[in-house]
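Two complexes are shown next, each including chain A; its partner changes from chain B in the first to chain C in the second.
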Partner chain A sequence: MATPQDDEVSYDVVIVGAGFAGAILAKQLVAEGKSVLILEAGADRGEDWRTYRDYLDQYFLAQAKTPNSPYPNLPTLPSPSVLDITAVHGTQPDTNGYFVQQGPLPFGSNYLRAYGGTSLHWLGTSLRMFPADFEMRTRFGRGVDWPFGYQELRPYYEQAEWEIGVSANAEDQTPEALGIHVSEPDDGKNFFESGYDYPMHPIPDSYVARYIAEAGDGTPVATGVRSGWGGKPEPGLDVVDIKVSNTPQGRNSTPRHGKKIMVAGREREAFEPRGGTGAFAFIGQRCEGNSSCIPICPIQAKYTAMKTLADARANRTGQLQIQTQSIASQVETAENGCVSGLVYKRYPFPGVPQYELRRVRAEHYVLAGGAVENATLALASGLCRSSQELGRNLMDHPYMMTWGLARDPVGPFRGPGSTSGIGSFRDGVFRNEKAAFRLEIGNWGWNFAAGAPYSDVARMVGEENLFGRELRQKLFHRVQRQVRVGILVEQLPEPSNRVTIDPAYRDPMGQYRPVIGYDVSDYSRAGLALAHDACIQLYRRLGVENHTAYNPSDSGYFTHEGKGYTVFGSGHIVGTHRIGIDPKTSVTQPDMRCHDHENLWMVGAGSMPTIATSNPTLTLAAMGFMAAEAINRALQ
Partner chain B sequence: MSEDRTLEGDCRELHDLLQKALILELSTIPPYATACYSIKEEGQYDRAAPEIVNAEPIEVLRQVMVEEMLHMVLVANVMNAIGGRPTLNDPKQLPHYPQPILDGKGPTLHLRRFTPQQIKAFREVERASHDPTDAASDDYDTIGEFYLHTIQRLKAACCLHGDKAVFTGHVDRQIGPGDYYGAGGKIIVVDSLESACTALEEILEEGEGAHHGDCADDGDRIPGPDDRQDIAHFFKFNGILHSRYYFAEDPSDGPPSGDDLAVDWRAVWPMRDDPKPGDYDDNPEIASLDARFNATWSALLDGLDAAFNDEKKRLAELVPLMYRLKQDAQRLMRVPLPDTAGQTAGPTWQYIGKRRLGPSVS
Partner chain C sequence: MDEVADTGFSAFIALSAVLTGYNRAELHATGCAQDYWQQLRQVTPPAILEELLDLGPALDAAMATDPEAGERQARRDVLGSEKLGPPARSLIQLWYLGQWTPLPLEWRRAWGASRFDVGRIISTRAYKEGLVWDAIGAHPMGAKQQGFGAWALDPPQREG
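== the complex of A and B ==
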């Protein structure tokens, strides 16, 4: 290895990765007067509105509009793509894409290595975890407990909701309002601080969500045997009623006016929505229903980390440097375990495997590259060896779909990808034996499930020989009735689901590629099976004709109790450097400082000990605020 | 002023002036929108270079349009505050193009595609004027003077009869920040002479920037962390003509000094000037597309009329209609007219009365 050239300037904090977590940390540190450098591996800076227009052009032109399709995918800086996922056969790993997949199931999730990170293509779902999710071991004998509980995280959730700009009604989001039979009766108490509410009013429920709610609410689903409820033995079936609820979304709607909102103890004026940038600064103050949140919001009404980064850069209290085209390569440590420098590869020409090797120094170092990249870099640098947990306990929400045709037109392909879901099964005593889950009501017909509406056009033209008015009418009639429900099931932390590295697999820049071993346990499979049954019962009640089909040739196909199902990844990559008190069983301390390295912090969803049923972004953002406080303290 | 002015008479005069203002703001939207929609999008111009051609002038025109819409809401708020009834679907008052404005004293508005001549014409509409004698009498010949005149009349009426006697409207009829869907500036709830003047001055400033001295700015902040000022319509149009953005600090009598504003005057549908309903008599297919456009336009006007008169919630429902209006207009602009040298059809912007809209697919 060549000798790195030392940077002349050193910083209070160097952050690796300009995504959700890195942006929040930078903003909070700069606000306290710190000097911060962000190293971002990606080549682009979409905050420049011209670059953002380029992303849009790419999106309009892309044949397969996958989550990463608008964004740069350099051969020298690959991002995992959903198009690379194939079944893993036997002992031979699948090396199609960036990931080296060891199986037995392929890890179907992706992320984005670019300025703004995966926030560029997220949907915007901003759910809090529930009190039970922090006590999985105590309550259900599964997984692990968190080192803190829901109430400790609650003020940070408020900050995260304010930062992202979440649209929802607090009164609609309590466990009770969601129709959950909570595993402990007190869970709903003080779920929100009194007087707290989300910064913006909810995004209205889509028509299909209201259609499902009207006839589907109250559909009873038996989740299993309930042995105890509120301390009283109550044998028999626990029957949970389906209840459709609005989903909190990181997407601009109408700000709350005339009501002061207390955010983490601080009174706030009405929220000011942030939309587009540069010459397009006047668009995106409200969601307009462009129906392409994934992969890209054309008007930037959806939150991305670029908004927080722009705030951080505008704050002159401290100093923020953002350096793109800089791949963190090696974290160097001194004998006492402290990090002494960060070696990175700065490439002048995107796509060309040429780079300058440089070293930067700082008081504190933060890895914020996402759960997979954090683990890969830490493993490549030989860090965090006290526990054997680094890279392990990789979790995702295995994502399964059910789909059918409604009796009536339900108006799909308008508005955000999903405005509403069914949260009734996000907790319950059934978690002793099967995973909890959330149902997401899709708003784009069979788009993810069957490639609609393009596949419908192809079939009607190619097989049914339709054209002209007849084609339009039949297409309209069919597409308008498409219903799709997504299932997101929780996974438990398991040591065998893991990210490792192998010298045999490197990318063109000489960086380790993530080698991933992954499976979905019987616990999650049982949850998926229950969720599938719940969907079928719901469809029966609604008169929706079920068209769900799982094919044994699907890459994510598996069987459970004699039935076959197909899962995909949901991009919710969690758990590779979990927090904990005991250095033997966790990688980082509760404030996300590494047990083994005093001035190294690992942030992001990788810190989460369990994944629960909430999309992890809001939780990782809340934990980002927590970590920022701790780092600011450590720097004093 | 003479003492024989009655409260009733003054209010009637103010209602008439504000109704005129409302229709004036409305009249600018079809020409601005026609020019904006005539610009080709998404590589229809050149498939080898498929960036959205003219994304920037489209956005500048869109910004002006949404501000005109905000102006309509502000005028309606002032009108409602003094007990008036904003009317938007009275065929006798609605514009027909070519349409002279300000009783023939102002420029004439045309429905034309995006051309430098048309943008120059737009610039004239928004040109600032500071002739206080014109504003004091009713001899106004610019929009600015017209609003100054209206403000003066409003102040005079309040002075004579007292604010309370003039501001009698019910607060429920006010459209506030919680109702108004979209950007374009700050919505002002009007309940006093002061807030009424603020609202009317906001219209003036966004249009011509007149009250801000010698710079291009309009006194509004550009959303975002950079804390910069927006510029007035006159300068937005001038920026398109110069292919360059203005900075708020740029002197109003000089050229813009900001970044490049990419404009391609060729990537435009060759729409015929001032299309009229009779133009399509011999062509039923084009006539039906135009009828469809007019149905959407009429539904939008009906919806706005309802929203300004007690049905505020209708405002949010109008957003999809505006998208549909654009779609319907562009559908027309893609159809070549027979017996012309490649000119295409265009929307006629006719109000055709209250009717139910059919499905968007036929």
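== the complex of A and C ==
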């Protein structure tokens, strides 16, 4: 390896990755007068409106409109793509895409290596975890406990909600309001600080969500039923009623005015929503219903990390440098374990495997590249060896879908991907035996499930031999009745679900590709099966004609108690460098400082010891505020 | 554009109206008609194109007087034809999706392959103007947004 050229400037903090976590850290550090450098591997800046418009055009022209489709995918800087996912067979790993998949199930999630990170194509769902989620070991004998509880994280959730700009009503989001039979009676107490509320009013529930709520609310689901019990609930176990609720979302609605709101102990002015980033970005504040949050919000009404990065750059208290086209390659350590430098590859021409090897130095170093990239870089650098946990305990929300045709038109393909869901099963005593889950009501018909409306046109024209007037009418009546419910189930931390590296697998820049071993345990499978049954009961009650089909040739197909199901990834990549007190069983301290390296911090969803049923973004953002506080303290 | 091509274009629009169920004004309003006309000409051998275009105006006229008879005639002469059916079905999908659907292998073997016969979205405009979005009572995903809260309103009403 060539000798790296040292950068002339050094910084208080170097952050690897310009995504959710990196942006929040940068903003908080700069606000305290620190000098910060962000190294971003991606090549361009979507905050420039021309680049962002190019993203949009690329989306329009993409035949497969996958989450990553609008964004650059350089051969030299590959991002994992859902199109690369195939079943893993036998003993040979699947190397179709960027990931090297060892199976037995393929890891179906993706992320984006670009300026703004995966925030460019997230859906915007901004859920808090529940008190029980921090105590999985104590309460259910499953997984691990967190080193802190819900109440300790609560003020940071408030900060995260105000940073992202979340639209919701606090009173709609308590465990009680969601219809949850909490596993301990006190869980609902002080769930929100008194006087707290979200910065913006809720995003209105979609018509289809209200349609489902009207007839579906109150559908009883026995969370303890096992096959062979004749449908009767087991003694002592709960029957939980389905309840549709509004989902807190990181997209702009109407700011809350005229109410003093305390955020992390500070009274806040009314929230000022941010629209697009960059010059000339005067359009797009409130969500206008573009129905394309994944993969791209054309008007940036949905939060992206680019907004926080823009704030950070505008703050002149400290200094922020953002350097793209710079791939962090090696974290160098001194004998005492401290990080002495970060070696990175700066490439002048996107897509060409040529680079200049450079080294940057700082007081503190932060890895914020996402759970998979953080683990890969740390493993490649031989870091964090006290525990055997680095790269392990990889989690996701295995994502399963059910879909059908309603009796009436429900107005799909309008508005955000999901405005509402069913949170009633996000906690309960059943978690002793099976995973908790959340149901998400989709607003885009069978788009995710079956490629609607393209597939409807292809089938009606190609197989049903329709044309003209009749084609037009049947399309309306079929597609208008499409209903889809997504199931997101929790996974437990398991050592065999892991990211490793192997010298045999490198990308064109010579960087290690992530090698992933992954499976969905019986615990999660049991949760999926219960969720599936809940959907079917709901469909019976609504008179929805069930069209759900799981095919043994699907890449994510598995069986549970004799029935087949298909799962996908949800892009909620969690848990490769979890926090904890004990250096033997965790990678970082509770404040995300590495046990083994005093000036190295690992942030993002990789820090989470368990995944719970909430999409991890809000939690990783809250933990980002926590880590920023700790780093600011460490720098004093 | 010479006169012959112009006649061809209006026959193309007439045929498209029959196949899509949208009238000429609606088809012209997409702003994509010339692009689609070009695409069809690039993919279809001249003799077959001519046969298709010859049928267009007559079918359109038949449809205007007796829709059911017109539809029967369209099935018999165009959609039921081994030669004309496949390009007609690709043309319907082109209008509905803004995307060319490659012709079946058997058809290519029998009538010849064109290097333009590949699946692609014709243009960003073609994506946004796909008739499917209107047909399903929605808007193209990522464009022509309906405004804040529109998703909470009652579904659109349609006759038939």
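The working rule: the second predicted complex is superposed on the first by the 620 of 636 C-alpha atoms of A that agree within 3 Å, B and C clash if a C-alpha of one lies under 4 Å from a C-alpha of the other, contacts with A are read in each partner's own complex, and residues count from 1 in each chain.
In this section, a residue touches a chain if its C-beta (ideal position, glycine included) is under 8 Å from a C-beta of that chain, and two chains touch if they have at least 3 such contacts.
These numbers were taken from a predicted model, which means no experiment stands behind them.
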So in the superposed three-chain picture, is A:268 touching just chain B, just chain C, both, or none of them (first/second/both/neither)? neither
- Task: Determine, under the contact definition given at the top, whether A:60 touches first (chain B), second (chain C), both, or neither.
- Result: both
Message: I'd like to know which partner A:346 touches here: chain B for first, chain C for second, both or neither.
response: neither
Of the two partners chain B and chain C, more of chain A gets touched by chain C
| request: Identify the partner contact of A:288: answer first if only chain B is touched, second if only chain C is, both if each is, neither if none is. | output: both
What is the contact status of A:313 with respect to chain B (first) and chain C (second): first, second, both, or neither?
first
Query = Is A:413 contacted by the first partner chain B, the second partner chain C, both or neither?
reply = second
Pick one for A:469: touches chain B only (first), chain C only (second), both, or neither.
both
| request: Pick one for A:459: touches chain B only (first), chain C only (second), both, or neither. | output: neither
Task: Based on the superposed arrangement, let me know which partner A:279 touches: chain B (first), chain C (second), both, or neither?
output: first
In chain A, both chain B and chain C touch residues 56-57, 60-61, 286, 288-289, 414, 469, 472-473, 476
The residues of chain B that touch chain A in their complex are 42-43, 50-52, 55-56, 59-60, 62-63, 66, 176-178, 181-184, 222-227, 230, 245, 259, 261, 319-320, 323, 359, 361-362
Within their complex, chain A touches chain B through residues 53-54, 56-57, 60-61, 201, 254-255, 257-258, 270, 272-275, 277, 279-283, 285-286, 288-289, 310-311, 313-314, 414, 469, 472-473, 476
Per the touch rule, the chain A residues reaching chain C in their complex are 56-57, 59-63, 65, 204-207, 210, 253, 286-292, 296, 298-299, 408-416, 419, 443-445, 447, 453-454, 456-458, 461-462, 465, 467-473, 475-476, 479-480
Counting only contacts in the complex, chain C reaches chain A at residues 18-22, 63, 67, 71, 74-75, 79, 88-89, 92-93, 96-97, 99, 101, 119-121, 123-124, 127-128, 131-133, 135-139, 141-143, 145-156, 158, 160
